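As structure tokens, the structure follows; a few thoughts come after it.
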Amino acid sequence: MMPIPRETQAQTPVLSCTDLRIEIGGNPVVDGTSLSIAAGETLALVGESGCGKSMTALGLIRLLPDAAHLSGGQISLQGERIDQLSERQMNRLRGNRLAMIFQEPVASLDPLMPVGRQIAEALSRSDTLTSAEVRTRVLDMLTRVGIDRPEIRARQYPFQLSGGMCQRVMIAMAMIRQPILLIADEPTTALDVTIQKQILELMGDLRRETGSAVLLITHDMGVVSESANRVAVMYAGRIVETGSVAQVFARPRHPYTAMLLRTIPRLDGPRKQALPAIAGAVPDIRDWPGGCRFHPRCPLATDHCRAKAPPLASVGASHETACWHHDRIATELT
Amino acid sequence: MTGSPRLRRWLPPRLWIFVAILAMMVLAALLAPLIAPQNPEAQNLLGRQRPPGTELRDITYLLGSDELGRDLLSRLIYGARVSLTVAALSVLVSGTIGTALGMIAAWLGGWIGTIIMRLVDIVLSVPAILLAIITVAILGPGFVNVIAVLAFTRWPRYARVAYGQTLGLMNLPYVRLSRFMGASTPRVLLRHILPNIIGPIMVVVTLEFGLMVLFEAGLSFLGLGVQPPMPSWGAILSTGRNYVTTAWWIAVFPGLFLFLLILSVNVLGDHVRDVVEGRR
Amino acid sequence: MSTPIVSVRELKVHFPIRSGIMGRVTDHVRAVDGVSFDLMPGRTVAIVGESGSGKSTTGYAVMGMQEPTEGQILIDGRDRARMSRSERMATMRRLQIVFQDPVSALNPRMSAADSIAEPLQIHGVGTARDRRIRVQKLLDLVGLPRSAGGKLPREFSGGQKQRIVIARALALDPQAVICDEAVSALDVSIQSQILNLFLDLQSELGLAYIFISHDLSVVRHIADDILVMRAGKVVEQGPTDDIFSTARHEYTRQLLAAVPRL
Amino acid sequence: MSRFLVRRLLQAVVSILGVMALIFFLQRLSGDPVLLLVSEGASQQAIDALRSNLGFDRPMLVQFADYMTDLARFDLGQSVVQQVPVAEIIKSRLPYTIWLAGAALLLALGIGAPLGVFMAMRRNHPLSKLGMGFVLAGQSLPTFWSGVILILLFAVTLGWLPTSGARAAESVILPAFCLSLLSMATFARVTRTAVLDELSKPYIRAARAKGLSLGQTVRRHALRNSAIPVISIAALEIANLLSGAVIVETVFAWPGLGQLTIQSIAARDFPIVQAIVLLGAVVSILLNLAADLLYSAVDPRIRLEGRT
Amino acid sequence: MRLVTRTLFAALFAATTTLAGPLAALADADRLVIDLVDEPTSLDPHLQWNPDSYYVYRNIFDNLLTRDDEGEIIPQIATEWEQVSDTETVFTIRDDVTFHDGSPLTAEDVVYSVKRITDPEFGSPQLSQFESITNAEVLEDGRVKLTTATGYPALFAQLVKLSIVPKAIVEEMGREAFNRAPIGSGPYKFDSWQRGVEVGLVRNDDYWGDAGPFPAAVFRAVPDASTRVANLTSGASDLVVGMDPDLAAQLEASDGVSPVSALTERVAYLSVNRNKPGLDDPRLRKAIAHAIDRELLVEGLLGGFDNPVGQMLTPAHVGWIEGLEGVPYDPDAARALIAEVGEPATRPFSFATSPVFDQRIVQALQQMLGEVGLTVNIEMTDMATYLQKSQSPPEQAPDLGFGRWSCACQDADGVLYPLLHSSSSWSRVRDDDLDVLLESARSEMDPDRRQELYGQIHEWIAEEVPQVPLYQAAIIYGASDNLEWSPTPNESLFLNRMGWSE
């Protein structure tokens, strides 16, 4: 677990969003999410499938699928509103100050274009670089992401590279213009554990070198604990708990976080015993429950929970939770 | 109206007009004997090519009379019957044969599969017209044989789709498992494969339906369609085109109906495709 | 002691690589290259490894869905290669499989009850009425409401679909179930439910599992014995506790080190 | 790749032989041309003399063996009706068909494909609905009918274009347009589907995340990737265009193979029909081959790994 | 994508450059442009028998004899002739005729032409028109003697169709080359043949007779009638063939063009198969004849261009009996006869036809037969199948059939013998007495006696109804109003008999 770099805490956040709302066909998928990321820090946005974490990321970079649209909230990049920018202005921002990498590295590269050219594409749009300069920078970037023999690799097609290698290429593509924020959407989910470790380490190294902030979207609590400074836990379109990784993991203040942490088999836990499971299933977008959205699965739920959604409230230094009963968690759920 | 939003989702209102056109045509075809004002084959050689609205011997020719003095409206109503039946039956026959052969070819593979798919290539590589003429020459002419000709020349399209789709499905775990557990071939094909390829097949069906109406018209143009005096839209149109400047109605009305029919089928077919391929 | 339900002896599965105009076989992919293990009744053997290690192919070979190139697979001590067709059919009832992706494991056009009853139908077990009752019982067993039977797969969540798949696997009262990454595609909160279900079924029905997974924490939780595979070969094999406490092989240690700790 | 091609070619040769045999016997089951050739009232002796002169009195298998022997020597035989070598007739007609089908394909692809791309990018734009309406309408008219209307409008009334024939270069415009209507909607549809498919793939989003605009992304990435389905449809559509040419060529008196086909079948000019079938089969095989080669030109996975 | 279009462009460019030849415009105001249905199948006058070839090659070749615009047989290559005996005729050959290559036309060429076309090995489709000629020879005085097997009064009518080919050239060039670039002695020389497109002729300025006003003529193949009409009305062609009365009405309505028509020697008829159940009853056949209203067909449907006939001939034929009305239209009589026949008349009768024929007439006939209570099903097949069915043994042939017969000889023998004699495959009649009549009429050299014999045959037809004669068919052309020309019954397009008006 990384400590939060102290000197950046007071500054304007690199990226912040308040009350972000995203709808698909009239149904909210992201329902009033607020986040802020400081320079040089890694914020993990964690949650199960369908909780809206990927939509949040796509909303921030304004690349939502056709069916979805931003229906409210503000997004600021270094204090500057970007949610109202035109498509053209966003194009200038993307790849430059904001970059993103995705879950399936092989599918995220154009199968018909050599990878070197795809990296160069990120570079060649605005800058007045000669082709030789472009080439040098591409090869240099490939080296920095740990690819051997970059001259040869640059000429190869995605299908000739392994998944891990493709993710390195994606990272090179994203980092080549030294963005101030990298959004990584499940960057290691499709990879083997040993490769996952390498990629996470690479991302950490690059973050330290460049000082970029990282928004890491993941469902894997292990990944969060190993590579993030802060964590925001999402459930059914809302952030239910946020705080430093150390605080949240040591003392979760939301029943969902608490139960999620207990339900995962651990390398040091008991074997062949029933895991403390969370009952029920993640609700479908179309029928999210009223009140606190976790209440149907929550052992602490009361009528109050069913009637009224709890706001995100501070429970300690930069630790917030959205639960009416956060004080009961330590005693009743751990 | 609880079903309404669901209906709107499956069939947006802008398409209702096409459904209405199709429904009217199908209805006209079904009810032809009830709604046709005249006998479609009754000629009046002294009342040929009269413009729409002509009244003659107590008969009003609403859409005019044709080159033999027959009531064009009645012929068009009965023509709907012929054109739609020919198209529907030929699509049904070729669709069934093609789908079955395609599934079997994919499922059995080996030399049977090769033979079937080479047969597909063969039939596809011979010009359809050539097969049609030769088939008519051998089978003799007529309504049933037109359907046979169309079915004979069109089944490979279904076979190709069914083949490709079946190959894709064959390796899905549930199919492999069922097969592995000892399910018989007919069981797997009918229970697991067919219900899951019917969507793409339906896309071909809608496209082919429009094409079959056109094909029948083309055969009529070449003199190989349904036998006179049986009216099909294609047959009326192909004689009517000789009178475009002197008796425009003989060609314009069947042309319009044919156009509306195929257009509706095409538009709805496109929609079916979008729904099947999950693009909406 | 009793005989193993499944006994794998020096299993090899090679896939030919063809090349040249005549399609001559020039080489083989050694997908599985000499694997041996025993599965005792009521026990769980896990096969772990990264993608391409041959763990799934091993599972298919045990199941009989993949012909071995070499080696033997003994079911209740009898070599499957020498069985008659009807004997093979009978062994089929004793081994079942649960796939990784519950979506492609279910026919989207078949109701849950029909899917569950399919193995019974194919094997001609019972009357239609018997089968209906059996399906109800199976739904109870995997923790689905009885009303679920009439629904189509798309009406279920991922976890529920996996329960249907498990119910289908249990329809013929197998002694062993091969779980091929059976919880990998599920959400964290659902994964634990399904793992619990597996454990419950094991204690209730005395099932044995061959548990194929890449997730070491899951494997540690559920397995009695572990095979670590890499590139078709078993690099390390032994009781779960031994593997996790004193891994001998370098690759096992690498794998363990790569697992993110909570 | 090469193994695959060789196998395909071998199978193709067998298919062609199958087609040839099928057509050979089917045709002869449908009678011979002798009665069409003789004058009305010709005596039986005269009919028999002509039949024997043309060789139709021999057993069918002998005729077939002879035909195949000639074919093996690349001799397509003589036209029964015109009494000139078939090769010569085909040679004089083929360029017209290539010209017509080529122009029609260019029109269909040139209008249909960009329309499809536009429809994929701007699904709800009024122009894309208008465009689709136009091509669907074009596909919904029988060519023998739209052909007459085109002639009456552009040649007779407006006098802009020649009515028929192949006398001047602009003669091709009307028939090619008429023929292209058959395929235009198909191209628009397939292109739209292909581009939409590509647009939904992860690499498009990744390209957008690099800062490429939608237009740039489509131009640089989606188009090339959606080429494969369009190419395979193009191969099929060329075959369809050749079939459609039968009617269009008749209406516009275009001296291509389509017209020749229908005339030769009607005249039972067997050697010409056989030659056209052979040509058609060879063309469809060449088209498939060309499509395969184009795939590999477009797709490095096929080019470098021989995946198919 | 771009790659695809680029490749296509390249391919098309290549195609265009190779096509520059055929597509090059040959704009020329001095040409007469005639739209035929199809291109000639062959221009060797001995190798084909179809109108589209005939229209063209008759302008390239001279024949032994020809017909004037009134239909009288007049000299062409033969200046005069002498009937030496019933079976021998001697022709004097014109001595001022040269072929297009400059070589003179001699009696040798005439004899060669006769022998060529009558040689069964040669395989001429016209063989049967000339098979009665057993010998041809050059006499010492340079005249040509033709010998026939028996007396053959129709000989001259047949010789009108015998084109004279140059012996030396044909033998030198060979059959195939001659077919491709024929050389004759006629008013027009063969110039070019673009397969599938057009045949170009140029005027033979050395022609011994009147070569006509057009320096060049083009015969184009335009299969679709509507397109031919469009060509004519837009001025792209000057003369088009194959019009029907409805298209003629269209031409009437357009400026600058008109229909031009002539009654031909083609007789339209409904054939009735006497060998089929029901139809073997003469009363039913008679009823069928009574059911047909020829006047209505001609006036109502055919626009009055054609001429109703009551005998199986036309006034243009030798053997036509003026005033013979045949079976009259009498639907009541027809119904009465059908009632008498009873049950055998109730079965459906098949009616064979082919797209070549005017379908409106076939349908009108079906309607007329329907009105007297018969059930008739039309069976349309392509021409080859239709002919094959008609030629099959009488018991298997269709019940009814529509036909339009032309012998191109304007002689009763060319119509009645093949349609009625039991030896002919075109006939479904097997009647010994009739055979005797037909045979004597065929060889009877006395015109009056011959006419009498044909009168008896007409009566037999009216009584037995193997066919119901319908009408003398008109041929309708579309012509530019600038063109001056009167068509003749023998359906020829002689360019040297046409001219520009003004």
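Quick notes
As written, the chain order gives the labels A, B, C, D and E, with residue 1 at the start of each chain.
The definition used in the following text is that a contact is a pair of C-beta atoms (placed from the backbone, for glycine too) under 8 Å apart; a residue touches a chain by one contact, two chains touch by 3 or more.
These numbers were taken from a predicted model, which means no experiment stands behind them.
Ranked by distance of CA centroids from chain A, the top chain is E. Across the two interfaces under comparison, B-D and B-E, the one joined by more C-beta contacts turns out to be B-D. When each chain is reduced to the average of its Cα atoms, E sits farthest from chain C. The distance from the centre of chain B to the centre of chain E, each centre being the mean of the chain's C-alpha atoms, comes to 41 Å. Mean C-alpha position of chain C lies 52 Å from that of chain D.
Measuring from the averaged C-alpha position of chain B to that of chain C gives a distance of 49 Å.
Mean C-alpha positions place chain C and chain E at a centre distance of 84 Å.
Under the contact definition stated at the top, the residues of chain D that touch 2 or more other chains are 30-31, 144, 148, 152, 224, 265-266, 298.
On the chain B side of its complex with chain C, the touching residues are 172-178, 180-183, 187, 191-192, 195-196. The touching residues of chain C, when paired with chain B in their complex, are 63-65, 89, 92, 97, 99, 101, 104-110, 115, 118-119, 122-123.
Of all residues in chain D, those touching chain A in their complex are 123, 201-203, 205-214, 220-221, 224-225, 298-301, 304-305. For chain D in complex with chain E, the residues that touch the partner chain are 30-33, 35-47, 49-50, 53-54, 81-85, 88-89, 92-93, 95-96, 98-99, 102-103, 105-106, 109-110, 113, 144, 148, 151-152, 155-156, 159, 162-169, 171, 223-224, 226-227, 230-231, 234, 250-253, 255-256, 259-260, 263, 265-268, 294, 297-298. Those residues of chain A that touch chain D in the shared complex are 58, 61, 63, 66, 87-88, 91-96, 99-104, 107-113, 118, 121-122, 125, 157, 159-160, 170, 173-174.
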